[in-house]
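Here it is, the structure in full.
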Amino acid sequence: MGFVVSAIAFLFVMAATGVAARRLPSAPAIVYGGSAAACAVVVLWAAATLAGGGGVAEGWVLPIGLPWIGTHLRADALSAFFLLIVNFGGITASLFGWGYERAHRDSHAGPVLPLFPLFLAAMNMVLIADDAFAFLVSWESMSLASWLLVLSTHREEGTPRAARLYLIMASFGTACLLLAFGLLATAHGDYSFDAIRAHAPSVSAAAFCVVLVLLGAGSKAGLVPLHVWLPLAHSAAPSHVSALMSGVMTKVAVYAMIRVLFDLLGEPVWWWGAVMLGFGALTAVMGVLYALMQEDVKRLLAYSTVENIGAIVIALGLALVFKASHTPVIAALALTAGLLHVANHSLFKSLLFFTAGAVLTATGSRDLGRLGGLIHRMPTTAVLALVGAAAISALPPLNGFVGEWLLFQAILNGPALPEWSLKIEIAVVGAALALATALAGACFVRFYGIAFLGRPRSRAAIEATEVGTGMRLGMAVPAALCVALGVLPTPLIRLFEPAVRLMVEAGPFDDRAYQPWFWLAPTSAIGNSYNGLIMLAVIALLSVLLVLVIHRRASDRLRLSIPWGCGFDGPDPAAVTQYTASSFGQPIRRAFGSTVFRARDQVEMPEPGDTRPARLTVRWTDPAWALLFTPIATAVDRLAERASRLQFMTIRRYLTLMFLALVVLLVMVAVTQR
Amino acid sequence: MGAITVIVATPLLSAVILALVPDYRLAAKLNILFSAITLLAAFVQFGLEPSSGSLFVVDAFNIYLIALTAFVGLTTSVFSAGYIGHEVAIRRLDAGKLRFYHAMYQAFMFTMLLALSANNLGVMWVAVEGATLTTVLMVSLYRTAASIEAAWKYFILCGVGIALALFGTILMYLAAQPVMGPGMAAMTWTELMVHVAKVNPAILNLAFVFLLVGYGTKVGLAPLHAWLPDAHAEGPTPISAVLSGLLLNVALYAVLRFKMLLAANGAAIAPGPLMVAMGLASLLLAGLMLYRRRDIKRFFAYSSIEHMGIITFAFGMGGPLANFAGLLHMAMHSLTKSAIFYAVGHAVQVKGTQRMEKIAGLTVSHPVLGWGLLVGVVAIAGLPPFGIFMSEFLLVTSTFAREPLLAVPLAIGILVAFGALVLRVQQVCFGAPLGGAGGNAPIQGSLVPLFAHLALVLVAGLWLPGPLVAWFQTVAALLG
Amino acid sequence: MTDLGYDAAHMLGAVVLLMSFALLYQRRLFSLLHVFTMQALALAATAAWQAFSHDEPHLYITALLTLVLKAVVIPVALHRIILKMNIQRTIEPALGIGLTMVAGVSLVTLSILLVLPVTEDATALTRENLALSLSVVLLGLLMMISRRNAVSQVVGFMSIENGLILAAVGVAGMPLVVEMSIAFSVMVAFIIFGIFLFHIRERFDTLDMQKIESFRGESD
Amino acid sequence: MTFLLASLYQVVQMLLVLALAPLLTGWVRLAKARLVGRRGPSPLQPYRDLRRLLCKEVVLARNASWLFRAVPYLMFTAIWLAAGLVPSFTTQLALAPTADLIALIALLGSARFFLALAGMDVGTSFGGIGSSREMMIAALAEPAMLMIVFSVSILVRTTSLAEIADFMMSGAVGLRISLALALIALVMVAIAENARIPIDNPATHLELTMVHEAMVLEYSGRHLALVEAASMLKLLLYMALIACIFAPWGMATAGGGLFAVLWGLVAFALKLAVGGALLALFETSIAKMRVFRVGEFLGGALLLSLLGAIFLYVSRGV
């Protein structure tokens, strides 16, 4: 506990240093180094706490914040787990950011150094806050810091809109949470979480709270249709900040959901989970479909975050449902799947954003249409990106698959539930999740194939060079963990078992004989087991064997030549015959996009003999905007126009208003007196 | 009793003295000095026991408002010293006008402090009217067509308002006189609070309506707000700062005193619904008005209306939490808004325009000022870790727990206004700065007042001193 | 107090109210001023009578002030202004005379409705007086908003003030009446000063939107 | 002891699939030829083709990366392992617990992932066409597959293939609509995954229609041999899978002696023969469909499998 608080304090110091020493050339090294150190302390503390079986029972109460309540701080097992995730992300982001800052030293950009530690500190505070006020202060400070970080690129067009939308949506979320806590704290206004736990809310109040929390935390996590800000903001920020926002901050939102739905609200009702399942499925599928439509690398990654959040929310929904139906072990399985996916996603999403940042640094472009062939020029980045892409596509034996596997195991228990509607819903959700996973695979083949493989599509891509050590280190660490966790997930699962136990009063391995530490076979999935380690070993063994055999016995001769491109060839960087991002997306667009996004391809084919290249242009509309946000915006605009007339009236009319107000009030009094 | 007399007398005397000082630089220094003395006395007041005489009353309610007024008065005088320097440099003001300006400034402080500390309905009314007259003169200081137009509008509307308030005052006496007999007693706060329970409620209600509309006009509640934006936009910025920061509070203070009377008298109608209605109206209307504004001072004037709406709503809701929130919000708003007007004043001077789209990229061209303004707007928008977040937190949560249907429009109104604030602050503080008129002139005068206020608001957002909390809680109880 | 005293006070108050109606009815500026003068006289008489019947000498001052300022100085001043700035002599109403009358009557009924529940512990005089002054105030406000012309609005404003003073003198032993009426007269003086100095003729009701918008820096 | 036996079976299984895969393909080709009235090549032809390719030199595009060269080995081993995990003649396989049905599908998924990447590595348009279409097909085939797993595992309460096979053999299931639907869906998926008519035609090289062939167009020599062998293995794998889930009869179970195992081998061979014949019959009786109708085809498969899953509830509360 003391460690966490002092680490947070140290982060504030770092922020101050960032302001004071911004002119120094060594400032980035100091600030990012310091941040990394602080995060490392918290990571160690959290790991130790979890290993020690659960967090701190006794919290702290500081005499600040709301006068008659003070600020309650407490880190139980759940907080400890999320502290682990957040601060690990913080470490890698600091490492990468250090290199990134050195690569991008343009004076025009807004300040990042002071805000980066603040952002980390705010996220940590959310996780240890133990009363509504402290929670919301930290929550909104988190939004505030990240908003300013997004604005640090305010010179680029598009950023201001993104930042504005982000802050407004974030505050909408905060408002919803505010209302939810208002209901929980009731009129007597004791905002500490203990007091809230003490008296369970009425059924209707709880229902309101669930909806409000899904809106509030959901808008932060990027639940469809509240996701619109996310791709804009995440892609506008500097890459290491994008990694934090996408890989880590969304997890803090997930933490908020778990905290309220599993902890504060008391005994759940089955439909809560049903709602979450619905939203999760929608989010997962829509998110990846959006991602498939994107040309901008970072936007693509941000949308894939939306998809993964959908998967996590599905897991939470399952856990709630099973908790409500008093099958805690399965609930534990689902929650484990969710938390594991939280950890995994924070790893490979940070990794992928780092690679995007590296590509941006090397080529100065985020547009898939201008990349290509980078595997030759940025070998290390390419390998690490491949790990990330394979992991996020849930391919064994990497970590993404383990989470997916557990989640499916939980879904397969759907039939055990009493409610018929739920049984069927879970079947459908399972299909949606499978669809999302498969589409994610397609999406990242597209990402990796277009950006790193093939022939370069621009001069910049030809002249790209590998990035510096700091950035490569920042990428290598999460990549290594992606592999490690894929091969040996069990230790991590054991580590955060206390958190699961705290939320659903059971662990995933209960009522089951002891498992060897390298074996993953959770309870209740009879005979279902998975072992990445052996799988990897066998594959490696076999392929080595294969290579040896073939090169010994069969030929190992090799001749380099020109690939056959229908007659087109040559060193032209345009690589006219090559598939582009949009042409790669075309089959899937036809299969899905035409209905969801009203996507239309338009090919302009020049006459035979004309040397101009043919052009493929894709038009599509975003349903979330078309159906929800544009109407709201226009409504406010219209009202503003109406109201604005009041500014330009004559004094006599204003007097008339006053007179009418007076008369109305008098009449009200006269009536009330009768 | 001594301190309060000093507090009220100092500005009066200094007004006379400043009227005689021809040199405006000296006058500005004296202005600061006198304001400092007033503030000192206000601090001394903290040490003394709450006391009430026939003339003055000092209790939990007005003691902090007096100190706040004196403080903002001081900081504004510091800001105005730098401000007028620039105005003289660009020939918008001359020595004669400034002499008048300084005298009026202190006179204005005097009227407000008197209104706050007076123990007598009549005296308070006279003081508020005096405040109106002095500010009208200062709003029209530039003698431009627009400023005269604004002053005129301000004067007529508030004049009628004042008239109605006077009628309300008379009615109040009319109600009290049968119980307490003729004479001063029936117009003295402290006496009234004692005997009001026996007073005839019907006249009390009538009186309150007139007082609400009358003083409400000065508070700037919709639909009585029309004077406020122009008066803020066209007058000198220091005046805008004190108008938003202090005058609105004083008018609201008057309304609240009467609300206390109604609360103390059981039989009278609950004033809550009326205030809630007007508060919501102001909040929503102002929130929408913010979108179309181009003039930065008028923009923030509307934001003042919005916040007055929130505060009135809070007091209308009543109850310990909401009232606490309202009191806190009053203090926080006056500090923050005046700070914003300081920043805006500098920005307008360095950029030479009040049009927001022309004041772009402030954080790039003038980092300190730009970030100062940004922080101020962040605070006024109700984002943590600033004081306004705390009050809005308390207000929204407690309201939703009690009257969910009222909390929803409240939240919507706050969000709507928030959207406009974000839109504009990004436009003003970020993006590429335009050179053009004035371009990147250096900042005149010190930024100390700005950051002093922001620091206070920040501290208040994290930690409130014990005595203040105690005062708030007693007053919250009295407000019912 | 004697019945006579009561009736006289009541009668004078009624005259003041009547005059308010007469004000609403006027179409020409000068006749408006004349009616206003009469209202001022009636008010002065009321004040004096109250001073006499309750023997509160300071009310004599009020009466005197009213007499001098409202019945003499201000009408003359306004007369001057009208001639000097040749403001058009007819009042163009924003609201039809008939409608204004109806509104006026309904306002009076409203004020009576409001005063009715005032219980008997307040003396009958207070109630009557309250009803009258309330109506006068409301009618004055109505006057202000139903006329386009600056001078007539000043008159309306002052008739509001008359209503106030009517209420003030009606209730026994009200302190500070004099001070307040002085403070108020200062404001009225300001208005007239304003009209005079800034040549604000119809500024009350400028219909030239572009002008106002450009004033306020809000035009695109 | 059992473990040793299991590992022995495992090795046998790995070699068996490796040995049988080309034969199966050859058999299907022969049957097709006969059905259309040609004599057709010997069923051993695939072995010869593979040997020829293995001994040829590799012609590699200049701008091919290491990935392009690594992928054949990776995908081959992945598919080989997958095929090795499907119980063919016995359910007692040492590696069975390492991967259940879901992991199996994912394993095939990763093979496809890398092959698709390899298709885009050289940067010709064919590779792009192939990869994009392949991923679109996969996007629909995988969920359908998982839904089939879902409905089967609702019945069997497990996703471990061995246990599924045991359960099915016990005959406790009986006939079910949902199983029928699942079977149909699985067949459709298998057809799509193995690039058979009507989705794709392994025999054609007409650019606009082909999917799988377009993707591997740049491969030659030993690499091509591996890719071809992998696809043969995949065909075998799917047949084995269908057999294992829907017709596990004759498979040797726990404690089954040597005779049981031998009988299992024979039964497996028979199943393959019948399956191949049926496939040939199907392929000759239907025409290739346009690539963009594939979506509807597989969408149908997905819906069928989902329907199967839901039907289970209706037919019997599980």
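The first chain written gets the first letter, and so on, giving A, B, C and D; residue counts start at 1 in each chain.
One rule holds for everything that comes next: a residue touches a chain if its C-beta (ideal position, glycine included) is under 8 Å from a C-beta of that chain, and two chains touch if they have at least 3 such contacts.
Small disclaimer: the values here were computed from a predicted structure and weren't measured.
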Dominant chain pairing [most C-beta pairs in contact]: A-D
Centroid-based (C-alpha) most distant chain relative to subunit A: C
For subunit A paired with subunit D, centre-to-centre distance based on mean C-alpha positions, whole Å: 35
Euclidean distance of C-alpha centroids - subunit B vs subunit D, Å: 78
Inter-centroid spacing, subunit C versus subunit B (mean Cα positions, whole Å): 31
Averaged-CA centre spacing for the pair subunit B and subunit A, given as whole angstrom: 44
Junction residues of subunit C, two or more chains touched: 114, 117, 141, 144, 153, 203-204, 212, 216, 218
Multi-chain contact residues (two or more partners), subunit B: 152, 156, 160, 164, 202, 206, 292
Pairwise chain contacts under the document criterion: A-B, A-C, A-D, B-C
Partner subunit B, residues of subunit C touching it in the complex: 114-115, 117-119, 121-123, 126, 130, 133-134, 137, 141, 144, 153, 157, 160-161, 163-164, 167-168, 171-176, 179-180, 183-184, 186-187, 190-191, 194, 198, 200, 203-204, 212, 215-218, 220
Subunit C partner contacts - residues on subunit A that touch it in the complex: 647-648, 650-652, 655-656, 658-659, 662-663, 666-667, 669-670, 673
Residues on subunit B engaged by subunit C in the complex (per definition of touch): 120, 122-123, 125-126, 129-130, 133, 136, 145-146, 148-149, 152, 155-156, 159-160, 162-164, 166-167, 170-171, 173-175, 177-178, 181-184, 187, 200, 202-203, 206, 230, 233, 292-295, 298, 354-355
Complex interface listing, subunit C residues touching subunit A: 94, 107, 110, 113-114, 117, 138, 141-142, 144-145, 148, 153, 203-207, 209, 212-213, 216, 218
Contact footprint of subunit B on subunit A as seen in their complex: 63-68, 108, 110, 132-133, 136-138, 140-141, 144, 151, 154-155, 160, 163-164, 167-168, 171-172, 175, 178-179, 181-183, 185-187, 189, 191, 208, 636-637, 639-644, 646-647, 649, 651, 654-655, 657-658, 660-662, 665-666, 668-669, 672-673
